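A single structure is presented below for examination.
The letters A, B, C and D name the chains in turn, as written, and every chain counts its residues from 1.
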Amino acid sequence: MSIPDFQVLLDETVRNYRHYAQDGKVASYIPELKKGDPRWAGVALMTSRGLFEGGDTRHSFTLQSISKVITLLVALEERGMEAVFAKVGSEPTGDSFNSIVKLETSEQKPLNPMINAGAIAVCSLIPGDSVEERFRLITGLLEKILDRSVEIDEAVYKSEKETGHRNRALAWFLKDINSLEGDVEEVLDLYFRQCSILVDCADLARIGMFLATKGITEAGIPLISAQSIRLATTFMVTCGMYNASGEFAIQVGIPAKSGVSGGILGVVPGRYGVATFGPALDKKGNSVVGIRMLRHLSQVLELSIF
Amino acid sequence: MSIPDFQVLLDETVRNYRHYAQDGKVASYIPELKKGDPRWAGVALMTSRGLFEGGDTRHSFTLQSISKVITLLVALEERGMEAVFAKVGSEPTGDSFNSIVKLETSEQKPLNPMINAGAIAVCSLIPGDSVEERFRLITGLLEKILDRSVEIDEAVYKSEKETGHRNRALAWFLKDINSLEGDVEEVLDLYFRQCSILVDCADLARIGMFLATKGITEAGIPLISAQSIRLATTFMVTCGMYNASGEFAIQVGIPAKSGVSGGILGVVPGRYGVATFGPALDKKGNSVVGIRMLRHLSQVLELSIF
Amino acid sequence: MSIPDFQVLLDETVRNYRHYAQDGKVASYIPELKKGDPRWAGVALMTSRGLFEGGDTRHSFTLQSISKVITLLVALEERGMEAVFAKVGSEPTGDSFNSIVKLETSEQKPLNPMINAGAIAVCSLIPGDSVEERFRLITGLLEKILDRSVEIDEAVYKSEKETGHRNRALAWFLKDINSLEGDVEEVLDLYFRQCSILVDCADLARIGMFLATKGITEAGIPLISAQSIRLATTFMVTCGMYNASGEFAIQVGIPAKSGVSGGILGVVPGRYGVATFGPALDKKGNSVVGIRMLRHLSQVLELSIF
Amino acid sequence: MSIPDFQVLLDETVRNYRHYAQDGKVASYIPELKKGDPRWAGVALMTSRGLFEGGDTRHSFTLQSISKVITLLVALEERGMEAVFAKVGSEPTGDSFNSIVKLETSEQKPLNPMINAGAIAVCSLIPGDSVEERFRLITGLLEKILDRSVEIDEAVYKSEKETGHRNRALAWFLKDINSLEGDVEEVLDLYFRQCSILVDCADLARIGMFLATKGITEAGIPLISAQSIRLATTFMVTCGMYNASGEFAIQVGIPAKSGVSGGILGVVPGRYGVATFGPALDKKGNSVVGIRMLRHLSQVLELSIF
């Protein structure tokens, strides 16, 4: 497939799948998220020959759960694999992302770092003397990957901080079972900040390419060990799409992580970063249009790792 | 049975059952509770002819879960049955007292006011402009029943407030499912205070008599409606002894409420208040010696309502 | 209250509450049950002065879950309390009557003899060399209580036997956790037979009186020990109305057992047997009209044990 | 790596990891399985240049859960993807392989074809006029892959059929929720047969190679569509190692399926079939030595797909 074909493919993809947005709904549990327009649809492909984009790839949105991948990388690098897996497990779960049930009935550790409970536990492992310092480790990595400064959406951050009762319940439960280090409110603050980092679809494709090249920036600088990258992408396969990860593995077959603001970060190991944006979500919290577009691209470009 | 017989019976009961304490363990999840001596054993019987006591009935201990009965009475009187049951259910549960599972998987309301989640929800309904004012409604009722002033154990209160992570998780979960009114930390503060109120075994027998006489004080003053009393004693039967309530109903058969500091408050409708104290607990959190003694008294005095 | 008043009360009760049937639905999970007419409503009160009836008290229906009380009595008498509680627990549950979850997650014993799993375990304890012989122990007790021969509804029996997949799953699970004695299909056969025994509302009031008088027949013959009766009525309070038992205890306050064919068996200890019939059920499987009528009678006649 | 190196590598691998067997236990829940010797350890690697073997690769054992892969392939080919996923889901689960909980609390469909409930549902989709005919579709595929006739271990088959109470419970539950086609006992018979098929470690490596080459036999004959193969290997990644699949993905990173008799079938897409044998199992039911050996081979030969 030649270079111009990528552009044609992405444009076609957006055109043909955009209408599936009508099957989904924009997330409303965080008031600020309701502002997303369900008709937006974008797709971006980062290749060794540069970035290709189709549709609404330059709307800013918040990372939400996609941030879990970044924070996991930081925690693995800063604290090591053993310290991380002392606080969080590595198993997929059939429960929804904000479920608290398994914390009580299973191994008394959040099942994996991609569900909220696990991601909060991972957050607590990020070192630093203040929330600001800890947060800079996360944004620092992102800024090096994207080669630009990043900021958060203050309104979303405040909104999540005020209304995130379920996450607060998870955090206190984690504290009780000794899976959360340090001060609960500080960890939650860090978690809400990382969820509020602003990116666009093109950024996500760049992040995907960073993962696809095992932690090497576009400028050729190695930032993260290949082993940490491998761990993160493995979790993206087994648990990256909430409790629809199994179906996504079958239908699309690439490591991916979705967020409730409508983004999906995809990795085609050794080849591409691929990302989609579309705020209309299905019942499990994944972008309806995003999944359709990724499925199409996976078939046309043979992206499945399976 | 003549008056001296009560005294003989209680003395004998303590003597014969005290040794069962070795089958239990003093609660340790709140650091302050560990100070209880497992060998303590006391029993008190409040009758129309006065109070009878055997064994260690004058050691002070904190109300803990027994406070749930008092707060429920206050909430029912102040807010009415409908308002209370909008926030809490009325079904027993096979789960343990601090379980969070059913909050997620069942009707999205704590199952009953005797488990921690339900009691916290009930706490949130106590009216007042400050924690102090709200707390005075609870202590006020107790002081009228006992005809003396009551105070809290400051060390236990602080200890629970600092280490009550699971209760904090329950409270935030309740907030998320709209079963907790007002400020979470204020409600928790009220809950930890009520758990820390100091009583002794003789006090509990007086409270039991207050319930047995449908809300009339020893001085003959009606404080609580018969309907609220009936509700509270019904919950004591179906859920008062944690997830051992069914077995207790079979073996003892009186409305009762236990607490992890080792007390049990018992009601023999129309006849007696009966209470026991013994800090060694079984696996479900009930006083080992207390249950044995109540079972014996129930057989000898034919106390079962069934 | 004089004798004619009972008659007036029952007639009025049926007249005033019959229309609540529109809030419920006739059970459909067993095909044969669908034949029940939702408009039927009957109430019967057995007193020391004889039987009073209002409404549709002479329609035959199958015992269904009400049979669990009878079989429990037989098992307790034939095998003893210890043998029974080796196979079944004594705790209420917040789960529905046919739930299998707790079998796996809790103590590996059905929680109580009033849920299907527990009742099947109890069935397996009824002694005998054949299903017929074992079943005769159950019908034998009923025939002595009612002073007439009883039979089963063959169509219902066959229907349940053919379509009772969930009960079959429960039985095999019980076999796996060693809570079911003997041959699974034989035990299920016995269970389906006991569920299919034909009675009417007047019969249930007589059974209620038998329990109210601690196991003495109308002719004055003691059939069952007072202790077994006490156990059965205690279970009726804590678990007799499925996972609405707590609410029923509060609103009505008498030991009772419901069945999906629309009957409710009630016991007023020392005073009456009371029964209702109305095939329209609420979501938890209890007769809508039955609960309303019992609540009314409980208020007027002060029947609550609480 | 040259040809002799494979041999050296496998011999070394067995020698260095065999002793880990002491950390595990031979399965005992099926009486016949207890006969396995915990000291057995074997590894086999099927490459385009032929088969390499180290250790105890020629002991026969029963397929057990590994058969789920074969039956899934047959069901997909015979009935199509849509029919299969009408009866079974595609999500991993944090619960154990024989859990019944999720059947009740989640989407009322077994979560995936690799847990027992899902595999029994898939079994029910295998077409045929008799169990024998249906079973021949499964053995037929195996015989073509292995180019030899296969048979079952009659003693294991009978043992599982007689003692498989939990599987019987799952099957009836599936029948109740309409996830099992046809006669329950016939489906269970088929399931117990497939679990009892005799293979050795070398056979498993050949099956692995068949999957690695997208369904082409060693003789070059295409038997199964690439899409069905892709589905099966995807499930092996997300759910093939019971509720240790996530950890296995991280540590080993190849599609694999384990069985309680101690075998593990591994697929290295496009390159190898790899298999291990070692009857001592960890708590989750996977071969202790097998996982250690596969982890070592994955590191040395860079087998991870992640």
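The definition used in the following text is that contacts are C-beta pairs under 8 Å (C-beta built on N, C-alpha and C of every residue); 3 or more make two chains touch, one makes a residue touch a chain.
What you see is a predicted model; the values in this text were computed from it and never measured.
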Starting at subunit A, fewest touch steps before arriving at subunit C: 2
Winner on C-beta contact pairs when A-D is weighed against C-D: A-D
Whole-Å separation of chain centres (CA-atom averages), subunit A against subunit D: 32
Distance between the centres, which are taken as Cα means, of subunit D and subunit C, whole angstrom: 47
Two or more partner chains touched - positions in subunit C: 105
Sites on subunit A touched by subunit B in the complex: 99-101, 103-105, 165-166, 168-173, 175-176, 184
Complex contacts: residues of subunit C adjacent to subunit B: 89-95, 102, 106, 111-112, 230-231, 233-235, 237-239, 243-247, 249-250, 253, 255, 269, 304-306
